[in-house]
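Remarks on the structure that follows.
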């Protein structure tokens, strides 16, 4: 029983991203910071255990969980049926506002307009899953290893547009790049979930209870304000 | 988002480069020891053992190091062995470099004239004695340049340990890039640090090679 | 551990895996042929060519050999566009592999040239061949034969190293593996399958190179 | 009892039968020259006696002990029978003295100072006491071959096998090596030598064995073999040399 | 006018002056043997004549043309003067026939069928017409050397330089190569050959040049050089061989 283990150990080990701002990246001291990191801290605090952060990538976050090297994955995970066969997901803990962005001279207003265009996206991220569903067949989706590849591809003109979080786009704009990503349209929002191993009903119940409590007492909204610049939407 | 100064970037990369150096040393030294053992088996008298050594080399030279690292860390975890990341990284890197070093050294040993084996055999020496006293001292001479050359591959190979959570030079580069959106500065510095680590190795391998070849020039 | 291995997904993703393998093969085929040719040209310059051309070739070889392939790939794919050179990820991956293998094979081929007995150069010269003609017709083939095993190993190393081209969205075998596991979270299964496929590819590649060797060099090494 | 008894020895390399049934008995103190055309199997025979090649049929007894291909009996054999090669095969990374000391220390566990004393004695015996610290590449071919002889002698073998030990030498240097061998013969060492030096064979050897196509074609005292060859093959061979 | 005029040629390797002023004139059709001790500079002289080494002083004229170290005049020279080496130096990756064809096609742009016809003629001339498709490692040393001669002849040189072309051969194979050279001499080819085969020099050559320490120490017709050597050095040399 994972929950009992955590309580006994007095420490919870949580996998967080460090290549996916604003959910997880590093500060100047190379310590992870971001929405997911703060959420992890919040959960640890509410459980009354010490927090041990394990930085992960999209390639190894699930193996870390499956080999019991971490207890939870808070790594802006999106849900799909295939994934649900392998791990369990909690209630949603974060919204994910993402859209398709492109320079002003690229005429795109909806998914259908992506026809014949190339779109960069970070492989395995929520926007990848969602965009793959709605993009027309003759749109080229280029899937990069991490956020950095996606942004570099956009800035160096290797793709016409990118699909990414609006916060990321804002961060790019802040740097005054040669190509300015403008919001073209929103991809269906799909929230992020906390991942844990299958058949851990106690842990699942505990986490969902904590999430509900955090939503109620405003602590999760504070995190959303801090990192996304907006309160938690009502549907979460 | 926090602001990284160029100094912050460089400082963090250099801190991470310590892991690169440490991992390289571990994998090179360990690889040399295991590689030597593999070499002995690979050119020994026992046919089935030779086959095994051949298979070992084929397996580790024929699959990406990335996958070896992944399976060493997570695969063992799945089998119930909870190996820490440093152990898995060390293990995979050692086994990987051992496979290459054993092959490199086999070439060197085979370059020693058959007469040396026969002369030492006719003096009553056994296999290990021949290796220890006659063959290896000579093979060592020609083995030094390619061995040092391979150590560069090891340095660059450690980049892949990020798959099991190591924040070494390359991974630190990616992380900093993700926080700064300055790929050129960061990767430029990463390339520079690798160059500084590798170039002395490559240079010394060339110098050694020239030195060793000098007395062999005939007209 | 109660982990249940599950390989049913292979059927669904088979086309992706096959096209990933095809891309990897295409990359190594183009990379090997062009890379070795580039290496031969550079080796000629370094061993026998015009003196003024040697420093740039040395710089190229040292630069490439002392930096990771991934970084080279990034500079070609993300860096060259700022100089106005735009290329697809496949072209960039091809170019990076050619440039990388070129530098390594330069050193290997050069060793082969240097091991050529002086008598071969002199025999060519005394038959009135120019140094380049001697290199082309007399020295090159036996030199390649001498270093063919080393060159073959390097090609296999580059093939395995090509896994990182997935980072610039080139859809090779590793890309397929990562794509699949990002959808179904079955990392072990996909990596085991990918490892087996890479092993098979490298065994096949080695055999193919041996075959090419037999074709190029009808006689045993002297 | 012969010191070395070679009985019906056959040796094949794949399809090629190189030794087709060899019978030779070597008595203690005997000096035997083996002559014959290139490819007649002379080297192969010596290599079989030293266990460098396994024989396919027949038997080889050295001082009464059977030659078996396991490591222990090979070692025992090689302690009794030394071999000297055409290409000297000195260990290039060791000085002359160290070349002679090595196998004593490694194989017989002789203490270093004893091995060194023995090495000095043996190098003196071949006239090279003063080159103890020279490395092989600082020695002429003749000197290298004499070091190789000293190295074999230091193991105190009861017989020596010599395979064309002067063939790789410049003509000027042949004599110095043959002089050493002659002295060994005079001292009563059992010698089995493949050689092309007919004059030397005539002068020094007790018996000459002529090999032809993997067989002992003729053998006998040098006077007979050289003076009155019985077969056309030997006549032709002697005529040529 | 001599075909090859060698005047005051000096050659140094670093400090070591190997040729100390050589003068030799070679008339068309003349067959000259160069003899001398190891290290006396014989090979170096031939290599200078073929432009494989630059000379430091003096001049070498071949058929009236100066030997200059630029590529064009080197090529012109080597089209006139062929060279055959001790180590044969056949191209190991090409068949005998291809060895002979290669330089014609590359240097003279001879069409393939013409080059092949020429190669067959030349291989016939050295008695190897039937080994056209054999590779060097399938040929005996003597056959390899004969292919090397055919290869040089195929360029239709006006003179041939031969540097100890039989020294690397087994004794049985020397004769077959010398027979070919003898025939060339009879056909009027100009030959300049370094050799240790004194009998051959006596029988075939018009003139013998004895080199000693980088100088032409004595020279003259073979009867004189071998029969009545004037200097103690030559006497000693002839006595030894």
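When the chains are written out, they are named A, B, C, D and E in that same order, and each has its own residue count from 1.
Definition applied: a residue touches a chain if its C-beta (ideal position, glycine included) is under 8 Å from a C-beta of that chain, and two chains touch if they have at least 3 such contacts.
Chain identities (UniProt): B = Amino acid ABC transporter permease; C = Polar amino acid ABC transporter permease; D, E = Amino acid ABC transporter ATP-binding protein.
Quick caveat, the model's predicted, so the values are computed rather than measured.
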>> Which chains sit in contact with both members of the pair subunit A and subunit D?
In response: B
>> subunit D and subunit E share one sequence, so how far apart are they rotationally when you fit their Cα atoms? Give it in degrees, rounded to a multiple of 5.
In response: 175
>> Need the most distant chain from subunit B, centre defined as the mean of C-alpha atoms.
In response: E
> What's the chain with its C-alpha centre farthest out from subunit D?
Replying inline: A
> Taking each chain's centre as its mean C-alpha position, how far apart are subunit C and subunit E in Å?
Replying inline: 45
> How far is the middle of subunit B from the middle of subunit C, if each middle is the mean of its Cα atoms, in Å?
Replying inline: 19
> Between subunit D and subunit E, what's the gap in Å when you average each chain's C-alpha atoms?
Replying inline: 40
> Roughly how many whole angstrom separate the Cα centroids of subunit C and subunit D?
Replying inline: 51
> Listing for subunit C: what residues touch at least two other chains?
Replying inline: 1, 3, 74, 78-79, 187-188
> Among the residues of subunit A, which ones contact at least 2 other chains?
Replying inline: 59-60, 63, 66-68, 152
> Where in subunit E do residues touch two or more other chains at once?
Replying inline: none
> What residues of subunit C sit close enough to touch subunit B in their complex?
Replying inline: 1, 3, 62-63, 65-71, 74-75, 78-79, 118, 153, 156-157, 160-161, 163, 174, 187-188, 191-192, 194-195, 198-199, 202-203, 206
> Which of the residues in subunit E end up touching subunit C in this complex?
Replying inline: 47, 50-52, 71, 74-75, 78-79, 82-83, 85, 87, 89-93, 102-103, 106-107, 135, 137, 148, 151-152, 155
> Mind pulling up the subunit A residues that touch subunit B in the complex?
Replying inline: 18-22, 25-28, 30, 33, 54-57, 59-60, 63-64, 66-69, 146-148, 151-152, 171-172, 174-175
> Once bound in the complex, which stretches of subunit B touch subunit A?
Replying inline: 1-5, 8, 12, 15-16, 70, 73-74, 77-78, 82, 162-165, 167, 172, 174-179, 181, 183
> If you look only at subunit A, which of its residues touch subunit C in the complex?
Replying inline: 58-60, 62-63, 66-68, 80, 82-83, 85-87, 120, 123-124, 128-129, 142-145, 149, 152-153, 155-158
